[in-house]
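Here it is: the structure, laid out below.
Labels for the chains are A, B, C and D, by order of writing; each one numbers its residues from 1.
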Amino acid sequence: MAEKKWPETWQEVNPGCIVFRPGSSRDYHTGTWRAERPIWDNSKCIKCGICYLFCPEGCISEDEEGYFAADLNYCKGCGICAHECWPGAIKMVGEE
Amino acid sequence: MIEVRWHGRGGQGAVTSVEMLALAAIGEGKYAQGFPSFGPERRGAPVEAFNRVDDKRIKKRQRIYRPDVVVVLDPGLITLVNVAEGLKPEGLLILNTHKPFTEVKPHIQFDGRIALVDATAIAWAELGVPITNTTMLGALVKMTDIVKMESLSEPIEHRFGRIANKNLTAMKRAFDEVKLV
Amino acid sequence: MSKRIGMEIALAAAEAAALCRPDVIAAYPITPNTHVPEHLSEIVAEGRLDAEFITVESEHSAMSACAGASGAGARAFTATSSQGLLYMAEILAIISSMRLPVVMIIGNRALSGPLSIWNDHSDIMSQRDIGWISLFAANGQETVDMTIQAFKIAEHPDVMLPTNVNLDGFQLTHVVEPMLMPDQEEVDRFLPPFKPFAALNPDDPVTLGALGLPDIYTEACKSREEVLLNSKKVILEVWKEWEEQFGRKYEPIEPYEAEDAEVLMLTMGSMGETAEMAIDELRKEGMKAGLLKLKLWRPFPFEELKEAVKGAKVLVVTDRCLSYGGAGGPVALEVRSALYEEKKRPVILNYIIGLGGRDVMVDHFMEMIRTAAKADAERPEKAYEIYGVRE
Amino acid sequence: MNTAKQYRSGLVENFDLYAPKLVDKEEYFAAGHRACQGCGEALAIRLMCKALGRDTVIVNATGCMEVISTMYPTTAWKLPWMHVAFPNAAAVASGVEAGLKVLRRKGKIKDRYVKTVGIGGDGGTVDIGLQALSGAMERGHDMLYVCFDNEAYMNTGIQRSGATPFGASTTTAPPGKASRGNRTWKKNMPEMMVAHNIPYVATACHSYPIDFMNKVKKARSIKGPSYIHCLSVCPTGWRCDSKSCIKMGRLAVETGAFPLYEVENGKYRLSADMPETLRPLEDYIKLQGRFRHLTPDEIGYFQERVKLEYKKLMTKVKSSR
């Protein structure tokens, strides 16, 4: 499906409002909702991946060295990762 | 067009009668309707069913109020409902009864042609059950020529399968035994 | 080759539906429509049709399962009546918005209460604004034909809308009469396979039934309206193809002795043929009476109606449903709105007839038309009348 | 810290320490969805999808998850997904399952096994969707249904449902002079599903992700109907911190308020994550604003009832051995 301007005209609305672009929610950046952001201290990180597993946004990913970081375009700053990181490698810090 | 009203009790197969008759007529290339009284009647309650048969397409879709023929499947019904209601004076009433006409007459408000047959006895003898719907078809065919007797064979064979022959025999007996009063 | 058969119309409807090779049938028992799914389940049980027959626990689930099946890319069919249709109501509007071309037979029946199992059009009229295509059959033959046509119309790529075929409960559903039943080869030739816009397929994941915020809802409605309006073109095409293949003509408004008629009656459904007999009688008396039989209820054939009533002085509209609150009957409402802007239009009388199985006979139609004929001189005071109500 | 202790005392071992790394990395439920911060349900769905894999069709009841994930013209779903209405996810899933089955049989689609999964919130499952679910399960469709139970109608603003626990304050069961919040006991939905004699019923919680995902995988492998009841913490509706979402689920399990178990062909088995002895219920409810108004007597009643229900469950577990 070609990109269309938004909002669409009635002629451009997909039949039945079918959405043909899987995962297109990523167009919208929920990162703007965030009041606090998670900061990883890799010296404490044991690379267990708990933060990745528990993230409701699925926005935490592993880098080449096995450490983790959140995609701040989507991180809503819920703080679950920091709370669940038992080695204490993640801290929540206020957004500017 | 011939319009027929059937009186029976829920479960006695009046609807099957109208279906068999309609199918026989349609099989002959005629036009026909067969339909039940559209009610919630349960087994045992008095019910009615209707047929229209004609050589041309039938447009009428209303109940039959002025039948040419009335067929009564159950002897007891004549004391419960006025089976002759609306029956055309030149019409025909066919009753299933084992009684002599003198005993039946007081319950019948009709002075036209009346034919009697002991269909229950025939059904007991031939089918082993007092279900007279197919039997009475024989009496109707004899008295009216509405369809040919052989035209009923196929619908009855299709519907009744291995007991079709018994039904056809019962029908044939009623054909032979029905008598005008 | 089509075969002349005698059959109860509900069963014939099931046979016709089976000829369309539905993949999924989901239905719940309800008088007077039960014979349709019952017979389909027999056809499936006999192995004559390869389909999944889902014995759902409600009409709501019947329509929901049809929606799911259609979403999966399957051809889906159901049938219902009266309260069952209302129980489906929530889903009816949704699946037309989702463009899921489910086909449904409705054995039209009154709504409770008092509880009535008998025929009128209150059920479908309560669901007239849901974006479905609605066809009305007048007899067994039309029921068979429209059932097959419905699949082709519904699944046409320019349409993709659910379609219902209405036949009067009992008045048609329970009547044994002769019909020409097409054979499988003929139907296969007429009806192409179902190709949805999108189906639930892991190789090409789509989201069906998304949320529409206010910034898109209006546009979605407009697009839906245009599709329904434009479906008329397809319906006419499909009917033309039908006529070419089967020789039976269909049009949105079928005229009967209407050419020179001064008094026209309009009916919808099974009463049309009985009304024809009334027209015949009145013609014998010298009255210029004619009949219009409405077969396409949604999209409403505004243009065809304007054309059909051009020469008439009086138009008697019969309705099998009362729109409570003073408006009369829904068909008359549509007719009035169609003709309001016309410079020359007939006087319109509206009779509400045949509610809850009340028999309407040839004599009644004659009386209605005779009364209406006088209305040309003296315009009626009332917008509508419930014909034959005991006072 | 309690959480850390828990990990050290076994959970992490159960996880195989690096189990998270073995999880399917594909995000079938993409970021950008509009769930609240710290939404347990969004997490649970994300995990469920990973366990299900790509050959899956999701049928969603109306509710939070539908609203937050499919704002036209976008979708968070990378799996084929369908929503029709609130009460009918199970019925729609019946149709999808039947449709896929017949199309596959007729050779109209690829001959490959695709699982149909119905999902709904507690309202859409235990209340308005119960009839459709009962019908679908009873008919034996080859489908999994997962209830994401956050214990109230959160989408419409925290109204009580049949799954709201005793005592909870909701916007339709508020505490006041004449009332003390929700007066009824949480409807035992898993038990109702067991009563349908389906092959597999389980309870789960996103706070035990590996357990949950294993249960989803097991359900997926079963040819026939299966049901998973997944407690999904709603920080908004429960009136607790977003960050405490996982902890709250863990406490629900550890206190026995929401025990984890499976019922396979009628046989009950307690899940490995269940502790030997239950923690006091108060540990769980004192952290949630929805229980703040409860008096010690009421808490006492709540605690006794939780113990009783747990005892009943344990009787079934023991008799299944």
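One rule holds in what follows: contacts are C-beta pairs under 8 Å (C-beta built on N, C-alpha and C of every residue); 3 or more make two chains touch, one makes a residue touch a chain.
None of the values given here were measured: they were computed from a predicted structure.
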item: Chains in simultaneous contact with chain C and chain D; value: A
item: Pair exhibiting more inter-chain C-beta contacts, A-D or B-C; value: A-D
item: Gap in Å, rounded to a whole number, between the CA centres of chain D and chain A; value: 23
item: Whole-Å separation of chain centres (CA-atom averages), chain B against chain D; value: 63
item: Inter-centroid spacing, chain C versus chain B (mean Cα positions, whole Å); value: 35
item: Centroid spacing, where centroids are CA-atom means, of chain A and chain B in whole angstrom; value: 79
item: Residues of chain A touching at least two other chains; value: 8, 17, 19, 22
item: Junction residues of chain D, two or more chains touched; value: 70-73, 75, 77-79
item: Multi-partner residues of chain B (at least 2 other chains); value: none
item: Which pairs of chains touch, using the document's own definition; value: A-C, A-D, B-C, C-D
item: In the complex with chain D, residue positions of chain A that touch it; value: 4, 6, 8, 14, 17, 19, 21-30, 33, 47-50, 52-59, 62, 71, 73-74, 76-80, 82-84, 86-88, 92
item: Residues on chain C engaged by chain B in the complex (per definition of touch); value: 4-6, 8, 31-32, 117-119, 170-172, 174-178, 270-271, 273-274, 276-277, 357, 359-362
item: Residues of chain C defined as touching chain D within the complex; value: 23-24, 26, 50-52, 54-58, 60-61, 64-74, 76, 90-91, 94-95, 98, 193, 199-213, 216, 220
item: Residues on chain D engaged by chain C in the complex (per definition of touch); value: 54-57, 59, 66-67, 70-73, 75, 77-85, 87-88, 91-103, 105-106, 108-110, 114, 131-132, 134-136, 138-139
item: Contact set on chain A toward chain C in their complex; value: 7-13, 15-20, 22
